[in-house]
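To keep things simple, chains are lettered A, B, C and D as they appear, and every chain counts its residues starting from 1.
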Amino acid sequence: MRKTKDFIGKIFLTDDSSTSRWHVIDDYFITILIVLNIIAMMLESIESHYLEYKVFYTAFDYFSVAVFSLEYLIRIWIADLMYPNLSKTKARIKYVFSFFGLIDLLAILPFYLPMFVKIDLRFLRMLRLLRIFRILKLARFIKSLQLLFTVFKEKKEELIITMFGSSLLLILSATLMYEIEHDIQPDKFGSIFHSIWWAVATLTTIGYGDVFPISGWGQFLAAITALFGIGLVAIPTGIISIGFVEQLQNKNTELSNSESEVEPKSVSHFEYCPYCGKKLPEHE
Amino acid sequence: MRKTKDFIGKIFLTDDSSTSRWHVIDDYFITILIVLNIIAMMLESIESHYLEYKVFYTAFDYFSVAVFSLEYLIRIWIADLMYPNLSKTKARIKYVFSFFGLIDLLAILPFYLPMFVKIDLRFLRMLRLLRIFRILKLARFIKSLQLLFTVFKEKKEELIITMFGSSLLLILSATLMYEIEHDIQPDKFGSIFHSIWWAVATLTTIGYGDVFPISGWGQFLAAITALFGIGLVAIPTGIISIGFVEQLQNKNTELSNSESEVEPKSVSHFEYCPYCGKKLPEHE
Amino acid sequence: MRKTKDFIGKIFLTDDSSTSRWHVIDDYFITILIVLNIIAMMLESIESHYLEYKVFYTAFDYFSVAVFSLEYLIRIWIADLMYPNLSKTKARIKYVFSFFGLIDLLAILPFYLPMFVKIDLRFLRMLRLLRIFRILKLARFIKSLQLLFTVFKEKKEELIITMFGSSLLLILSATLMYEIEHDIQPDKFGSIFHSIWWAVATLTTIGYGDVFPISGWGQFLAAITALFGIGLVAIPTGIISIGFVEQLQNKNTELSNSESEVEPKSVSHFEYCPYCGKKLPEHE
Amino acid sequence: MRKTKDFIGKIFLTDDSSTSRWHVIDDYFITILIVLNIIAMMLESIESHYLEYKVFYTAFDYFSVAVFSLEYLIRIWIADLMYPNLSKTKARIKYVFSFFGLIDLLAILPFYLPMFVKIDLRFLRMLRLLRIFRILKLARFIKSLQLLFTVFKEKKEELIITMFGSSLLLILSATLMYEIEHDIQPDKFGSIFHSIWWAVATLTTIGYGDVFPISGWGQFLAAITALFGIGLVAIPTGIISIGFVEQLQNKNTELSNSESEVEPKSVSHFEYCPYCGKKLPEHE
C-alpha cells in the first residue's frame, strides 16, 4: 500500500524534482486532456455543430470528469506526501483548501451539483461556466506562468499607484464628458456609467467607435484626455516589461552563480575591470 | 484650549509622522466619505434612479457638505500647527490659498454660492460640476499619488519637448489632411479643427472610426502619419515609465541607506566586487 | 554701416551665445508672429468665419509676408556674420540654400509667385499650402526640438531595420488578406493597395473600422497579424524612448562635468564606492 | 571550368566576405528584380489596370521566372563552394533543402507546376499566392533583418511565457464574454470563436468596432479585460525593444573591442574611476 502510494506520488507530484520521471505521465496526459477540454468547450459553442455531435461531446465530458475526479481523489489521498510534515488529515484539508485544490474541485463541480441539488435552468448555465476553471488547471503544469505572477507581485507598489491614478483619471474625464455630452447625445451618455464606458475605450485607445463626443468642447476634452491620459494607463505595461526582464536576468544570474561553486563569482578570467579598464588588485 | 487644538491637530495633520495615530480617524472617515460622494455622484447621473431616491441623495449631500465644511473650518483653525514658524493669521492665509486649501473650498462652494448670489440655471449646473473637486481631496490621503507628480516634475524637460513635437506633428498632418479631404468629405473635414480631431484619433491610435480619409492620397498621408507619428506621441509614456521605475529605485535605496547607520553603505558583506569578481581592497 | 550690421546681427543670430541679449527681440517677435500665423491658418479654414473677416485675414497675411520678407532679406544681408570664414557672396549663397534659408523662402513664396507667373487655380491652392512652412520656421527658435532630431539620427540603424521589417510584414499580410477577402468584400479589398490600408490600420492598432475581414480565415489572419505584428511596429517607439532618455542623460553628464573643472569628476566626496560599498584607495 | 565556377561563386555567394566585390552584381540585380516583382504583384491586383497591361505583366513574369530559375540552377551548381567540406552531391542536397533553397524553389514553382500537373482553377490561384515567397528572397540580401531574428531567438523564453499568458487570457475573456453577450447579440457572439475575434480586437486595442458588448455586465467585463489585459499583450513589445537595444550595443562593443587589439579594454585613458571619481590603482 505504502509502495503503491509512493509510486503514484511520483507520478502526480510534479514538485518532485528531477529524480522521478514518472510524473511525465501525469504532466502529458492531464495537460492534453485539459487542452482537449478547452477545444471542446469552444467547438460546443457552435450550436449547429454541437447539436450534430452532442453524443460525442457528452461522452467526452463524462470521460473528462471521470479522469479529473479520479485525479482529485488521488491528490487528496497522497496529500500527505505533498506536505510531509503534516498529519494525514491536516495535509488533506490543506490540499482541499489550497489554490489548486479549489480549482480541481470547481473544475468538476458543475457535473455533480445538479445530481444532488435541484437547480433552475439559469443557474445551471452559470454552473457550466465553471468548466472554465479547467483552463486554470493548466497553470499547475506551466512553471513559467508562475514567473509572471512573481513579476506582478514584485511591482505591486508601482502597479497599485498607477492603477489608482488611472481610476481617478477615468472617473474625472467620464464625469466631465457626461456633463458636456449628456444633453446632446442622451442615448450614448445617459449616465456617468455610460460615460465611463467611453473613457475606458478612449484611455485604452481601443476606440470601438460606438460612443464618441460630437460637440466641439467634447472633442476638445477627448483630445486632452487622450494625449495626457494614455500615458498614465500605459505605464503599467512599461513597468511590467521592465520587471519581467529584471526577473529573468536575476534567474539567469542565480543559475550561473550556482554553477560556479569554488569562486564566489565566475568571472575570474577578468584581469581588467570591465567598467573602468584598469587592472584590478590581485586576489589576496 | 491649546490642548484641544493640539489633539485635533494630531487627528487632522497627516503630515504628523509616525508618533500620533489619531490622524487615522481623519484619514479613514474623510476618505470613505469622499469615495461615497464619488459613488453617489455617479449614481445620481442615472436619472430614473435619482428621481426615486432624490430625498436620500439630497440628505447625503447636506451631510457631506456639513462634514467637509467643518473639516475646512478646523483646518483653518489649526493652520498654525501646520506652518509652525508663521504667525496665526499668515498661516491661515497660507492654508486658504494653498493647493489643498483651494480644493477644500471648491468642494463645498457649489452648495453655498446659490444662497448668497442669484444664479441662473445654466451656471448652476456648472457649479454642481465643482463637486468633482471632492475627488481631488483624496489626493491628500494618498501619499503614493505624490510620487506620480514627482515623476512628472523630474521628466518635465523631456515631456515638454515631446509634447511640443507632437503638437507640431498634429497641426501639420491635420492641415495637410484638410487640404486633401476637404473637397471630398466637406462634412467630416469641414475645417482644420475637424481635421485635428481626426489627427488626435489617429496619432493616439484610438481610431473611433467617425472620421477617416477615403481618397487614395488621404489614406497614404494617414498611413505615413500613423507609422511615423505614433512613435512620437507614445514617447512620453516610455519616458514616464522609465522615470517611474527610477524614482521607486531611488526611494528604496534611500530607505536601505537610512536603515544602516553605522556603515555608510549597507553592503559590507561584499568581499568581491559584484561587478568584476575581484577581491576588493580592504577598509583602511 | 558695419556697426548697424553688427547690431542687427546681434538681434537675428540666435546662435550668438550668451553675450548679446538683443536676439530676444527677434526670438519673441518672430515666434509670436509665427504662432499667430498658425492660428490664423486654422481659423481661415472655417469658411463662414473667413468670409466675414476676410479683410482682416488678408491684411494680416500682407503684414506677415512683409515681416517675413524683411527678415529674409536681413538674413541674406548679414549672412557673412553667420559664416565668418566665408566671403560675402559665398556666405549668402550658403544661407539661401541652407535648410532654414529654403524654409524662409518657401514661407513667403506663395505670396509672390502669382505676381510673376500665371498660375491656374488648382496650382494656386497647392501654393497656399506652402504657408505650412511657416510652422517649420519655429524650429529655429526651439533648440530642444533639435534634441529630437539627434535621437532619430543616433538610433538611425535600429529604426531603418525595424521600418524595413514592418514594411515587409505590411506587404505580406496585406497580400494574404487580399487573396482571402477579395472575393467576399470586393469593394473593401479591391486591390492590394486597399488591403495595405487595412494592414496599416491594424498593425498600428488604429482600427478605424471601415475595413475589416469578415470571413473566418480572414479574421484568423488578422488575429495572427495583430498579435505578432503589433510588437514589430511598436518597437521603434521603445527604441526612440530609450534613445531620448540616454541623450538627455549624456547632456546632463556633460553639463555637470563642465561645471567642475579642477577635479575630473565632481564626486570627490565619496569615500566608499557607491557600487561595491568598499572604501576606495586614496588619491595619490 | 573550375575557374568559371569560382568566378560565378564570387558573384553569387554573398557570404564571401570583403575580398570579392563581384557579388554586388548579384546583390543589386536580384534585389531590384525582387522589388519590381513585389510592385508588379501589387499593381496586378488592380483589375482594370491588369487587364489593360496584361501582356506586359505576363512578359515581366516570364522574364522574372527565367532569371530566378537560372539563379536557382547556378546556386545548385555552385553549392559545393558554399559548403566546401561536403561532397558535391551532399552540398547540393543540403542547399536544396536549406531555408533559402526551399524559398528559391517555391518562388518559381507556381510557374512550372501547371505545365506538369493538371490543376483545377481554385488550386491555381493558391499556387499564384506562392509568388509571395519572392518577397522572402529579399531576406538573403538584408543582413540587418537577421538581427531581428537574433533578438527573437534571444528573448524566446520571455516571449513564449507572455504569448502563453496572452492566449489563456484571450480564451478566458472570450468564453466569459460569450456567456454574457450570446443571448443579447446572437449574431455577433454566435460562438466562442466569434468571441475570440472580439477579444483579439480588444486586447490588441485595435477596436474595429464591428463587435462590442452592449450589456452592462459585458461592458464591465470588457473594461476589466482591457485595463488588465492590454499590459499582458503589450509586454512582448517592451521585451523585444529592450532586447533590440541590447543586441545592437553588444555588436558595437564587439566592434570597438576588435579595434583595440593590444589593450584588452580600450579605455586605458581613464585615470579616475568613471563611477566613483577616485583615482584607480595603477597597472602593475
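Please note the rule applied: a contact is a pair of C-beta atoms (placed from the backbone, for glycine too) under 8 Å apart; a residue touches a chain by one contact, two chains touch by 3 or more.
Please read all numbers here as calculations on a predicted model, not as lab measurements.
Undergrad: Which chains lie in contact with each of chain A and chain D?
TA: Intersection of chain A and chain D contact lists gives B, C.
Undergrad: Superposing the C-alpha atoms of chain A on chain B takes a rotation of how many degrees, nearest 5?
TA: C-alpha superposition angle, chain A on chain B: 90 degrees.
Undergrad: With residue numbers as the basis of comparison, which of the pairs B-D, A-C or C-D duplicates the interface of A-D in over half of its contact pairs?
TA: C-D
Undergrad: With centres defined as the mean C-alpha position, give me the chain B-chain C separation in Å.
TA: 30
Undergrad: Starting from the mean Cα coordinates of chain A and chain C, work out the distance between those two points in Å.
TA: Spacing between the chain centres: roughly 43 Å.
Undergrad: Of all the residues in chain C, which ones touch at least 2 other chains?
TA: 193, 196, 201, 205-209, 234, 237-238, 242, 273-275, 280-282
Undergrad: Can you list the residues on chain A that touch chain C in the complex?
TA: 205, 207-209
Undergrad: Could you pull out which chain D residues touch chain C in their complex?
TA: Touching chain C from chain D are residues 38, 41-42, 45-47, 125, 129, 132, 135, 138, 142, 144-145, 147-148, 163, 166, 193, 196-197, 200-201, 204-210, 233-234, 236-238, 240-242, 244-245, 248, 271-281.
Undergrad: Can you list the chain D residues touching chain A in their complex?
TA: Within the complex, chain D touches chain A at residues 157-158, 160-162, 164-165, 168, 171-172, 175-176, 178-179, 182, 190-193, 195-196, 201-202, 205-209, 212, 216, 219, 222-223, 226-227, 230-232, 234-235, 237-239, 242, 263-268, 270, 273-275, 280-284.
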